[in-house]
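For reference, chains read A, B and C in written order, and residue numbers begin at 1 within each chain.
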Amino acid sequence: MQITPLCPRAASEALEKLRQLRPLVHCLTNDVVQEITANVLLAAGASPAMVVAEEEAPYFAGIAGALLVNVGTPVPERLRSMQLSAQAAREHHVPWVLDPVAAGVIPWRDSEIRKLIALHPTVIRGNASEILALQGAGKGGKGVDSTDSSASAVNAAVELSRSTGSVVCVTGETDYATDGERILSVSGGNVMTTLVVGTGCSLSALTAAFCAAEKDPVTAAISACALAKRAAFIAGKHAKGPGSFHDEYLDALYAIEPQDFLGESL
Amino acid sequence: MQITPLCPRAASEALEKLRQLRPLVHCLTNDVVQEITANVLLAAGASPAMVVAEEEAPYFAGIAGALLVNVGTPVPERLRSMQLSAQAAREHHVPWVLDPVAAGVIPWRDSEIRKLIALHPTVIRGNASEILALQGAGKGGKGVDSTDSSASAVNAAVELSRSTGSVVCVTGETDYATDGERILSVSGGNVMTTLVVGTGCSLSALTAAFCAAEKDPVTAAISACALAKRAAFIAGKHAKGPGSFHDEYLDALYAIEPQDFLGESL
Amino acid sequence: MQITPLCPRAASEALEKLRQLRPLVHCLTNDVVQEITANVLLAAGASPAMVVAEEEAPYFAGIAGALLVNVGTPVPERLRSMQLSAQAAREHHVPWVLDPVAAGVIPWRDSEIRKLIALHPTVIRGNASEILALQGAGKGGKGVDSTDSSASAVNAAVELSRSTGSVVCVTGETDYATDGERILSVSGGNVMTTLVVGTGCSLSALTAAFCAAEKDPVTAAISACALAKRAAFIAGKHAKGPGSFHDEYLDALYAIEPQDFLGESL
């Protein structure tokens, strides 16, 4: 299957829609990345809200613009809330994104991830080791980190998309999004992204934000990647280490305008 | 009712007392803002401690200088701990501050907030949409963000203070604190505050810190606002986006001295 | 007993081993410091993973390079997970580090800390008030902050090491690590470390990382301190307050090379 670089105009238009809508993104995410996830969404132009209890999360999922479910630090109560919220999102036609953190590493977690995939996420976004593991083609990463290249997981992403009906987005040196028929890609970014916790997790939240604004989830997912890669590239020019990179990344997400994508290859 | 700008000398004296006492502030707050809340308290000159379990939080509330209760990500066990801690604070004459995050948005949460208000917080600090909703005069904000101006909520703040007996502080472009008889205000700040998660939540923690040091809770609450607004103003002069603003804000909270308030209008 | 400054070559070699191994560090830590803990480990050259549920944490402890247990915000379910994970670590010969946050302040927490010490941590790292309290020689600190100097706790550290069989590391202006027979020390650092939440907690995580790479836990613990003190010293030269110090600290952890320790006294 042919891989098509994302058209700059599509990325520009998707960001334009995001900035106009300023979508409310409901985040059910892990304990480690709550703050960076909220700050990435705010900097990019969305409105984050972390609503977690079973008593209110499903209600809130139904009134949000999009839902993120990230299983980075799952506990049974939170997983129940995630399942109920995913169901509510689906019933109210709210797009939702699943981030299957560390899929392939721990058997218990893998079975919980499968239950969430059965609830039809709009997009599944993971690193190469996670996507390979979900497709039964890998041995899992090193904890939460990938030990495979994103290019090596493209075929698994296509197959996973076909078997689940979800758009699958696999990120790394190059990012890919596929609905099993098309594959869109973006390159760029900066390797220091891997030294700041939550850049991947918050990219899943950004993907949810774009899904609220852009109807085609393949375009939405890869446009989120394009924004993140561009911000990382800019941050990398100014940062002297991962501490300053974190701030430069947020500053760049805030400063990037839709027209900045035009006239560049992605 | 007349609105009186906070007297610079009062703000200066309140900060002086805070810096001398270095109060221990017990924080029961939400999952997203734990780190910024602790760092804001440390930078401003207080000593934060997050003690959350039902088994120890009520004990700790009784020996702390002040207590913060923030319902940003409530779950039943944590709410029980909050209620027991608020009761313990009251029994030991420890001031406590309630931050009613997202009041007016979710029915379940609203009923939990009402139970906490019945435990007589020293100060209730919220944004305009939250205060309007608590007073039955608004329709709630967009998730955790306000969709109303603080000026539009001043009357609701006065009424809420009269009906609850708590000092009410409503923050936004201008901040107001009232005990139902007086209204004090401060202006300034920087709009980028709204793009950094936890600036509002940590202001509630600062309010608790000031309540430990300054006996009059109206003066304490509005002095906390004055410090935050001054720090945000300074940060806004140096920051190029929300990432750098976060650090500049902490640096400014640390650098501001009591005498800096003198000779300026607030 | 004589106190010996850490030999620069030993610190250099320990960091060299850490950078080569890039160990997977399993962190069971408190709600406040999750993000800084992960970022400190990433910047220093380790691979963090926070796996918390009872259903998966013990399994993961057995496959990690080292385990951190920090009781900063303990709740019963999490404590159970910590106990099971510590047992699993021990069974699989995985080194584990205990950070007894706020020991001596709250009776309930003290009894939980004692249960964890009974599971034979490889290293116990705390501030002076915590180590004194564990040895029955102090009255506890101010919440999570020490009110005693690290020098005043050296004898208690030696006694605690002898009575528990764990290496004990007490940190402050000077840091000490002892197995009850030797005492190694490092000095330096910067006092602004005390104004950034999580610098102590993440030092315990760094200690775990070094324990995965360096077989002698006294050398591992004090080498972690040496790295942290050097990074804090560098950060202090550039920072204008605790906000910028946080980022400079991470940047310095990333930039420090093993050979940087050579030719300097520690």
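Keep this in mind: a contact is a pair of C-beta atoms (placed from the backbone, for glycine too) under 8 Å apart; a residue touches a chain by one contact, two chains touch by 3 or more.
These numbers were taken from a predicted model, which means no experiment stands behind them.
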| item | value |
| --- | --- |
| Rotation in the CA alignment of chain A with chain B, degrees, nearest 5 | 120 |
| Same-residue or different-residue interface between chain B and chain C, half as cut-off | different |
| Between chain C and chain B, distance of the C-alpha-averaged centres to the nearest whole Å | 33 |
| Of all residues in chain A, the ones touching two or more other chains | 31, 34-35, 246-247 |
| Residues of chain A defined as touching chain B within the complex | 24, 26, 31, 34-35, 38-39, 42-43, 47-53, 55-56, 59-60, 64, 77, 246-255 |
| Chain B residues within the chain A interface of the complex | 30-36, 72-76, 102, 105-109, 142-145, 194-198, 239-244, 246-247 |
